[in-house]
Amino acid sequence: MYLVVSIAILITMALALVRALLGPSVYDRMLAVNMFGTKTVLLLSVIAFLYGRPDFLDLALAYALINFVGVLAVLEFFQSRSIRRAADRVDGG
Amino acid sequence: MVILFAVFLLTLLALTAVAIVRTENLFVAVMLTGIFSLLMAANFFVLDAADVALTEAAVGAGISTVLFLGALALTAEHERSVVSGRWLSMGIVVVTTLILIYATFDKPRLGDPRAPVHQHVAPWYLDQTPELIGIPNVVTAVLGSFRGYDTLGEVFVVVTACIGVLFILGVRRGGYSPSPDGDRLTTAGSGLRHHLIPKVVGRLLIPFIVLFGLYVLFHGEYGPGGGFQAGAIIATGIILYALLDGEAQALKAVPRPVLMGMVVGGATLYGAVGVAGIALGGSFLDYSVLADDPVKGQQLGILIIEVGVGLAVCGSLLSIFHAFAARGRH
Amino acid sequence: MQSAVDVLSWILLAAGGAFVFVGGLGALRLPDFYTRMHAASLTDGMGTILILVGIMLQAGWSLAAIKLIAILVCLLLTSPTASYALANAALLSGVEPGNSRAGKAEN
Amino acid sequence: MELFGLYNYWVFAIVLMTGFYAVIAKGNFIKRLIGLSIFQSAVFLLYITMGKVDGGTAPIIQEGVTDQVYSNPLPQVLILTAIVVGISTLALGLAIVVRIKESYGTIEEHEVQSLDRSS
Amino acid sequence: MTLTTHLPALQVVVPMLTAPLVVLMRVPGLAWATAAVASFMAFIIAVSLTGAVLQGGSVIYLMGSWPAPYGIELRVTSFSALLLLIVTAASTLTLLAGKRSIDADVDPEQQPLFYAAWLLAVAGLAGIVVAGDAFNIFVFMEIASLASYVLIAAGPDRRALPSVFKYLVMGTIGATFYLIGVGLVYMMTGTLNLGDMEARIQEVGDLRSILVAAGFITVGLALKAAVFPLHAWLPSSYTYAPHMVTAFLAACSTKVALYVLLRFDFLVFQQNLPAHAVQFFIFLMPLAVLGVLVASGVAMFEKDLKRLLAYSSVAQVGYILLGASLGSVMGLTGGIVHIFNHALAKGALFLAVACLGARIAQLQLKGIHGVARHMPWTMAAFVVSGLSLIGVPGTAGFISKWYLVSAALQEGTVGLILVAVVLVSSLMAVVYIWRVIEAAYFGATPSSAKPAGEAPPALLVATWVAALANIYFGVDPSLPLTLSTQAATTLLEHLP
Amino acid sequence: MLSGMKGYWYRFAALLLLLIAAWLLWSGIYTPLLLGLGALSCVLCLYLAHRIGFFVELFSARAILRLPRYWAWLLLEVVKSSLDVARIILNRKLPISPTVIEFDAAPDEPVGQVVLGNSITLSPGTVTLDVHNGRLRVHCLTREVADALLSGEFNRRAAELMKD
């Protein structure tokens, strides 16, 4: 059963990857990366049980906590970029 | 079964790598690097390398994305597509790939227990660790004690990078003069203060991220984890705060002298344990002389050096982050 | 008793796998960025809950179950936040959601 | 099945060379660094692959379990160190790229070269 | 256990642990003094290690007291002692002499970081040299490389940045290739200890992986050692680095990579590969010859003083490999002793350049016209070390060339060609050194660019110490020769 | 909502308890050494939380007691809308009608608005795009979902959770 679930997760990862490769916009790719992240957390949890080593859940927890920081960094990046562009527009015009 | 997992993940990995190289949008490339790192970590996990997967998680998901974005914000987002000598490069690459694949055919197949790698040194570690060091995580035992000198080197690699980034980005001279429109851009450094949802949720998570980092630090002897992963996770937690409330605010919470103290203190702590080995009549990095019982001494030594590694890594990564962020404020 | 828990957990896991898959499919099929976000939230919300609860039932009362709860809580906190961050990043760069005037007038 | 056992090495070779291609053929400095980190990651894969033992589990010894096979800890230790080295190199490289951008206004190699030639 | 038994560890640990402390120092002068003292201590340790090696053979140190293939072993042989002397002496001399020069190039606020990076470079280089473990070499190689990128990036010219980026990329590729090679060898032998590897690699039946591993390790280290045609990073890095950094790195950094290369090629791979001789004769020797000729040729037409000397360095790497590729004790001795002698000559030359740099902004050939009249001592030192570089009898350079030529003569027809190559390239060296001397002594000083007198005394003294060392080791070469002969004999011990 | 020093210490104690619980449950090894290190870690985290201004704004502890009921209701919502969205995705015709709506959040406190926004995102079919000055912008997959959202059930529940 774990196997079935992990295969479902793997296929979803592949689908997300396809989305990441197709784009078309940057945001679609970011969305795919984010999906990929949560799927990795799930996959790691499932594999930990599949292997019979539930003490490795730490890893999934680490991902769940850290992945989020990357996404927020992206938001911050876009925010400061839009501010910068606005400033540039003022400079230019 | 494991093999099928690995094959699937690896195929995705190769596809991602090709996509990263092909895209001309650097931002997209960085996003895909995130996927690459996730796949890498999943692969490590499937191949029984829990510690390495945790490290990849701590580094790949947080720190390296943040660093890349920091650098992209300061440089450019698109590459201009001038590729010089594409065919020559392609030729070199294809030939080398073929050589490598040629060399694989007599390699032991994945997981072959009779492979020479599993014969000589490795079984000794697995046999002797419970007896000589008395902790369950053999990776930590090898990392901290048997090959503790490598780990000392590793810490100093990070410290060197930290010194280097501070040196290179700290220089004020040069052809570049920061534009005087500082106050118009003040909001650029202020983080996500105006976004309610990330701010509240992120702030709620920070103490737990840091606690988790400390947990990873102190349980490195029992489960996957250790000083480096812990340092990276804690640094990520504080970077999260910097993203939320602005870099200046983060520097107020954890000021620069503290960071420098962590770097220097951590590295020195590790070195001091080594020197203590000499002082107490052993050799450099010999922990067994630290306590009456050699096994206890080893455990104590590993604990202390892990703390040293954690401090140094956390301080270094944060200093590096701040060096990039401070550059952005000009 | 044990088998009942087993069956329940298998059902949850299977359902979770199905939701995750459907979400992945949605991310591929739906036409634009904002609609795709809904598919992502399908896998992030329902899929995650079902799978993690399914495993939790298997784990029984142990530290592993507690860690799973921690993971679940953490994911349920972060994934909507991450979605928000993405949506907002797109908004900031001027990607307008289609059909926006339809609902604006109401309320 | 027998050939699947070598699949890891092939992917290692392909990923390695994909990264290498980016490093030697691309003129954008950041792209080169991305290529460099892919290049290094491939090596991690090589090492971790060789440490795997059939039926083994991560080398964290479980109490009370006697006949468990454990995978090889040594490559994992080496790769832990190598990952750290990789991120350090990356940070330093990015810092240099930022300075190049500040003093030249570009991060494309050919533009930097033509600026150098004209000065 | 007295402190002396710990010398191999202390050799690395002293500069390494001083580095973080230097970061904390606010006063640049204090940081400099601490770095110089640490470097000098490292030099003392190197001298005592050399003494120990000369008396009792190799010194072995077990890190953490773990037995060899399981723990990490440090091994100081006569070859490593030679390298340790070069590294620590070059660092100490340049640090002592270079305070003013560094002050001119580096912002005072940044100097503590600079000196810390310097010490880390010393620690890294020393760490590579004493390491007895393949992976440990990688770790310390990275410390040394990262630190040298930082040092080079300190160069005042903005062109330092793209150069150092190129160096970073190529250096990382080199290190990664090395890591792949070590991985493949580890895969086949199950050990990382060099001595153990040497023994176990002979039992490996199939050669394919080993062959590929040897290829990767050789290419990787050749990149780090700037072996022709993989030298592209070296000239601009050396040109735009601060003068003192150039003097320090030119004396030792590529040599350390060569040292590792020779150790691997002769000790680890030699018996295993029947094609070993082929590898040297068909592959390495032509490369060495080409390197010597092409790089010297480029140097002849170079207009920038530092770049000229940098290309000359690429040529000298060729000499060292030429000696090694002969595969005889005499040839190898010549190669190894040339590591020492070239470090002396090039160190002294770059120090002299630093003296010029202290007074002249543009180090182009046309910028130094007539400079000898204003800076006679500097130029005299330049001439002495230049003679040593050319290989004039009575200087250190002559000794290594003598050995190379005599070894080549044993090889028959090929040997004659090699002798011709050595002679031709020495003539080329005469040409490029002469161009500098001609400009400095016989050029008319442009009235606008008159140097403000002789170089700072500390720098001048150091330059002369290095120049006189060239004479001393030309007259009494017993120390480097003894070490090199011992090293060559050990390296060739197992060769069939 | 408690305010002033009393509220501060209240939240302080709550976080400390949470941290200690988290450590004990994560760790699973109860030797004196690790318990001591755990205590040290909790104190460190608490100090850091203090430094980053963690205790400035958190909702009243009474809301925590109401959380389970809210969660149960939310879970039901999530299940319902998940099934809807799954049906839409699997429908060959993709019957979507994307709609953006804006409305005022009923809860006044930031935390209440965050709970509201995140709950909306969590239930598939609706994604919160922006929360600003008490106004929410929500993207809905279909018009029906949008209408359901505008009827205010979410808003009411969230406000109820947060009220003192």
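Some points to look at:
When the chains are written out, they are named A, B, C, D, E and F in that same order, and each has its own residue count from 1.
Convention: a contact is a pair of C-beta atoms (placed from the backbone, for glycine too) under 8 Å apart; a residue touches a chain by one contact, two chains touch by 3 or more.
Values in this document were obtained by computation on a predicted structure and should not be read as measured data.
The fewest steps needed to get from subunit E to subunit F, moving only between touching chains, is 2. By the count of C-beta pairs in contact, the leading chain pair is B-D. Relative to subunit F, the most remote chain by averaged C-alpha coordinates is E.
The geometric centre of subunit A is 12 Å away from that of subunit C, both derived from CA atoms. Measuring from the averaged C-alpha position of subunit B to that of subunit C gives a distance of 29 Å. Per-chain Cα centroids separate subunit A from subunit B by 18 Å.
One simple way to say how far apart two chains are is to compare their mean CA positions; for subunit C and subunit D this gives 32 Å. Within subunit C, the positions touching two or more other chains are listed as 23, 25, 37, 67, 70, 74, 77-81, 83-85, 88.
Residue positions of subunit D with contacts to 2 or more other chains are 16, 20, 29, 50, 57-58, 60, 74-75, 78, 81, 85, 88-89, 92, 96-97, 99, 103.
In subunit B, the positions touching at least two other chains are 50, 72, 100, 105, 107-108, 115, 117-118, 121-122, 125, 147, 150, 153-154, 157, 160-161, 164, 168, 171, 174-175, 195, 197-198, 201-202, 204-205, 208, 212, 222-224. Across the complex, subunit D is touched by residues 135, 138-139, 142, 146, 149-150, 153, 158-159, 161-162, 164-165, 168-169, 172-173, 175-176, 179-180, 183, 186-187, 192 of subunit E. Interface residues of subunit A, counted against subunit D in their complex, comprise 51-53, 55-56.
If you check the complex, the residues on subunit E that touch subunit B are 1, 3, 5-6, 9-10, 13, 16-17, 19-21, 23-24, 61-66, 69-72, 107, 109-110, 113-114, 116-117, 120, 123-124, 127, 133, 135-136, 139-140, 142-143, 146-147, 149-150, 153-154, 156, 158, 184, 186-192, 196, 200, 204, 206, 208-209, 211-212, 215.
On the subunit A side of its complex with subunit B, the touching residues are 3, 6, 10, 13-14, 17, 20-21, 23, 26, 29-30, 32-33, 36-37, 40, 43-44, 47, 53, 55-56, 58-59, 61-63, 65-70, 72-77, 79-81, 83-84, 87, 90-91. On the side of subunit B, the complex with subunit A involves touching residues 1, 5, 8-9, 12, 15-16, 19, 25, 27-28, 31-32, 34-35, 38, 41-42, 45-46, 50, 53-54, 57-58, 61-62, 65-66, 69, 72-73, 181, 184-185, 187-189, 191-192, 195, 198, 202, 205, 208-209, 212, 216, 223-225, 229, 233, 236, 239-240, 243-244, 328.
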